[in-house]
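Below, chain A partners chain B and then partners chain C, in two separate complexes.
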Partner chain A sequence: MRIKALLGHREVGVAVALVVVYVVFMSMKKEFLSAGTLGDIVTVAAELGTVAVGVSFLMIAGEMDLSVGSNFALTGMLLAMFITRFSWNPHLAFVVVLACAAGIGALNGLVTLSARIPSFITTLGAMMFWRGVALYLTQGWPISVFADVPLLRWLGGAKVYHTFHISAVWWLIIGAVFWVTLQKTAYGNWVFATGGKRAAARALGVPDTRVKLVNFILAGVMAGLAGCLQLGRMGSMSPVWGQDLPLEAIAAAVVGGNSLTGGVGSILGAMLGAVTMASIRIGLVMVGAPAYWYMAFVGFIVVAAVALNVRLGEVISWHR
Partner chain B sequence: MKRLVGLVLVLCCALVLGGFGSATLAADEMTFYVIAHAGPGDPFWAVVQRGVQDAGKALGVRAIFEGPAGYNVPEQVAMFRAAVEAKANGIATTISDARAWAEPIKEARKRGIPVIAINCKEPEELRGTIPYMAYIGMDEYEAGKMAARQLLPKLKKGARVVVAIHQAGHVGLEARAKGITEVITKEIGGKVDKLDITQDATQAIGILRSYLKANPDTAAIFTLGPLGAIPTIKMIRDDGLKGKVLMVSFDLDPTVIQAISDGICEGTVDQQQYLQGYMAVVELYLYAKYKLNPADYDTGRGFVTAETADAVASLVKQGYR
Partner chain C sequence: MAPVMRDSVAPNHAEQGTAPLMEGICLCKRFGKVTALEGVDIAIRRGEVTGLVGDNGAGKSTLIKILTGVYRPDEGELRFEGQRVEFASPKDARRLGIETVYQDLALIENMSIARNFFLGAEPQRKVGILNLLDVRKMRLVTEEALKDIGIAVRSANDEVSVLSGGERQAIAIGRTMHFGGKLLILDEPTSALSVHETNKVLTYIDEVRKRGLAVIFITHNLYHVYPVADRIVVLEHGRKVGDFAKDEISVDELVQIVSYGAQRVARSARQQ
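Here is the complex of A and B:
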């Protein structure tokens, strides 16, 4: 009975995938199971995972955001520019760029909801538009912050232990907040209802349009924040970075048990999805396989984990 | 439930089978990584990868080339960190971003892993801030000087030359231009103009034409890469300037090699990136085995002329140049 209850969780697919990935890499390279490697994995997962948490929240409400990668690069670049070229107070700059990221999300939401076009289209356009703006800002050049800025150290530069960067701590806190909001609050119920049966939700008095708009904004803020975390860790941001991020974030969400059509999903699953993908990225290099295999592996895991989830769903319903 | 178990088993098998057969590593085998900011999908890096693999075979060690699909420094840094965790016997990396690399390389060195830089390094004003042991690549400034010297015998005293820069502000290209300018002005008292021709081929031809009209005494054009060379070659062909205006370029490209064979272009500087992969592994190996300290290696001493153009063209096809 307990096993069945356990198998009913949406995170089972990704948990199995993660275990398999770990077993395979560990058997090939024993150093894969070390604190240093784990720190590297979590650090890589933190930036992707922050985006994936926002994207999952939006996906559960039945919408999509493909512009997160451009938002990520643009926000990081703006923060670097405000600090280096305009000598703004870093904290003020941080607040302003997060507001910009929220604005990009809000614009996605407003256009999608008022023009009644699929968010796939709106955010596809936004993805190209904001990437173009980011490229224009420095004519394609990366921008670096060489000065020692405490804010950037706090965002991602500092290490809490061994190879663990502080960005991972922020990510875990953000994940926890989103998880609690989704699972334990009325707003979380509204999000599920909006993405599930919208008409029924509306009949029950759920402000579905407002929920979607808020989630678009949150997805934007998370993408922008991830850009700031990466700037903090690397000290540089290029307008061409984060191009694969939208699809990677969606892959992490889907591997973690989120549905593309909304109504169901899990924040914890998306976070495990991000860890799985980061493990593959680091593991492949450690065993000396060509980095191209990353995409192939992720592709395989996406399909396998989702298939496993569907299968489990069927098994559970047969036994009921 | 059986199906579920089956699915999991298939998943495991596929992952293990996809394990590239490298699971049976000799524990004492030396492993070296060369990590670039772009992967072998780019023809330039495919040649570097060839160098890495050939060196690995020649020395009987594991030499691994890694690089993200597109220009992506965060991903490159993640690969570098993974190589550190894998306890590599040595790592070579490109200094693709002076700010982003300082920290990871310091850490790797602190953990006792030898690191050398290849292909590109930090700008002059930051020299010494990143603790790599040696640099293997082209010295852009020296390459500029060499390109100018190749042309000196054909230039009169006080000749006017133009340096066509297709990406103003690019540190590497500016260093090439500086080297050219110094040699021409100091050694034959020539006049050197720097001309921003942009990356747009049509605009570039327009800008160069108007320059030549205003300065009909121009003896030579230096282009700093294929993006500048291709429009220049077209202009020389279209306007019948062959033999009237000399041209020298940088980097290999089929159009440029053809122009060299045709006598339109005097020659092109080749940074011989195969050496950047090969020598990186050799130097790291010698350090790991005999504690021989890695030394800087200037790979930019290649100059392709009409005599060597055909041979080089076939080597390009084979993936060595």
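Here is the complex of A and C:
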């Protein structure tokens, strides 16, 4: 009974995938299981995971955002530009660029909801448009902040312990807030309902359109924030970074038990999905495999974990 | 609106029981040149199940959409508890306790029974500065409310997807009763169900009537509605062609009226 209850959780597939990834890399290189490596993994996972949390919250409401990678790069670049070229107060700049990221999300939502077109299309367009804007800003060159800016240290530069960057702390806090909102508030109930069966939700008085718009905005803010975290950690941002981010975030979400069509999903699952993908990235580097294998490995994990999830779901419902 | 019209009928219906909960008087609705409803009177009483029958296109759904505030009638008026009412939107109707259970829109499959039950009216408790869902209350109240009308679920935390079609209808019905609905409108509640499931849903409807709610049961299957109905209203081409107390008419006569048309049945009756 206990075991069945445990298997009923959406996060089982990704938990198994994570264990498999760990076992594989540990058997190849036993230093993989160390605090230092875990710190590296969590640091990479924090940036991808922040995006994935926002994207999966939006996916549960039944929409998609492919523009998160462009938003990520553009927001990070704007923050760097405001600080270096315009000498703005970094805190003011941070607030302004997050507002820009929210605006990109809001625009995605307004266009999708008022034109009644799939968000896949809207955000595909937005992905290209904002990437173009980011490239134009510096004519394709990366932009770096060489000065010691306390805000950037606070965002991602500082290490809290060993190889653990502070960005992971922000990510865990964000994840907790999203998890509580989804699972433990009335708003979370509306998110599930809007993505599950929009007309039924509306018939019961759920403000479905507003829920979707809010979630578009949150996905935008999380993408922009991830860009700021990375700028904080690396000190620079390139307009070509984050091109794979939308698909990586969606992969983390579906590996973690989110549905592409909405109505079901888990924030914790998406976070574990991000950790799994970060483990693969770090693991391949450690065993000296060419980094090209990253995408191939992730592709395999996505299909295997989702297949496992579906299979477990069937077993559980048979035994009910 | 002439103010004289207001509660002019109220004194006649002072006693409970005889006073209709809701009335539609001479309702008309046109869409362009098409007349969907013409001069239909209907009275819905507490503790009664009113069967609304008729072929496709007879005007059943137009009438229901007027009663629930989706459409506004072109002519005629609505009265609720003796008062004249006008609905700007379905929300106005719901506020008075008029609830509709649609066959395929009742519940959201991937959510738990309790989350469905309280959707849009979630109980909350304060934890520090946060307003959190009262998950425990949701489960307990749902299980209690369902048991109350004779629906047994394993746990209110189960997903709706594990339930049968009849159980889903039952939960939607239980939800309406719990939230103080006065008029329950069921749109084809049995059309997708097996015989066994249909019988179960009919017992729940009977339970709702015993609690003193008014029920409108829309169907084109007379054999489903006849056993539970107190009154049967027949629509045909947008007009009311029959309004019978159940003991006035047999199910076979009703079938004749619905399938061959009221006029032809009346004519053949006269010839005999």
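The rule we apply is simple: the second predicted complex is superposed on the first by the 320 of 320 C-alpha atoms of A that agree within 3 Å, B and C clash if a C-alpha of one lies under 4 Å from a C-alpha of the other, contacts with A are read in each partner's own complex, and residues count from 1 in each chain.
What we mean here is this: a residue touches a chain if its C-beta (ideal position, glycine included) is under 8 Å from a C-beta of that chain, and two chains touch if they have at least 3 such contacts.
Source: prediction; values computed, not measured.
Peer 1: With the two complexes overlaid on their shared chain, look at chain A and say whether chain B and chain C clash or fit.
Peer 2: fit
Peer 1: Tell me which partner A:Ala186 touches in the superposition: chain B (first), chain C (second), both or neither.
Peer 2: Touch status of A:Ala186: second partner only.
Peer 1: Consider the C-alpha centres of chain B and chain C from the C-alpha centre of chain A, and write down the angle between them to the nearest 10 degrees.
Peer 2: In the superposed model, the angle at chain A is 150 degrees.
Peer 1: In the superposed arrangement, does A:Ala289 touch chain B (first), chain C (second), both or neither?
Peer 2: A:Ala289 contacts chain B only, not chain C.
Peer 1: In the overlay, answer first, second, both or neither for which of chain B and chain C A:Val240 touches.
Peer 2: A:Val240: touches chain B, not chain C.
Peer 1: Let me test your reading of the model: by the given contact rule, A:Lys197 touches which partner, first (chain B), second (chain C), both or neither?
Peer 2: A:Lys197: touches chain C, not chain B.
Peer 1: Check whether A:Ala115 is in contact with chain B, with chain C, with both or with neither, and answer first, second, both or neither.
Peer 2: neither
Peer 1: Once chain A of both complexes is superposed, is A:Gly205 in touch with chain B (first), chain C (second), both, or neither?
Peer 2: second
Peer 1: Which partner, once the models are overlaid, touches more of chain A's residues, chain C or chain B?
Peer 2: B
Peer 1: In whole Å, how close do chain B and chain C get at the C-alpha level once superposed?
Peer 2: Chain B and chain C, overlaid via chain A, are at closest 19 Å apart by C-alpha.
Peer 1: Overlap the chain B and chain C contact sets on chain A and report the shared residues.
Peer 2: Chain A residues touching both partners: none found.
Peer 1: Residue numbers of chain A touching chain B in their complex, please.
Peer 2: 16-17, 20-21, 23-24, 27-29, 31-32, 34, 36-37, 40, 44, 47, 141-142, 144-146, 157, 163, 230, 233-236, 238, 240-241, 243, 281-283, 285-293, 295, 297, 300, 304, 307-308, 311-312, 315
Peer 1: Show me the residue ranges of chain B that touch chain A in the complex, using the header's touch definition.
Peer 2: Residue list for chain B touching chain A: 1, 3-4, 7-8, 11-12, 14-16, 18-20, 22-23, 25, 31, 33, 39, 62, 64-75, 77-79, 81-87, 97-100, 102-103, 169.
Peer 1: Which residues of chain C touch chain A in their complex?
Peer 2: 90-91, 94, 100, 102, 105-111, 115, 118-122, 124, 130-133, 135, 154, 158, 161-162
Peer 1: If we count contacts the way the header does, which residues on chain A are in touch with chain C in the complex?
Peer 2: Touch residues, chain A against chain C: 180, 184-186, 188-190, 192-193, 196-197, 199-201, 203-206, 263-264, 317, 320.
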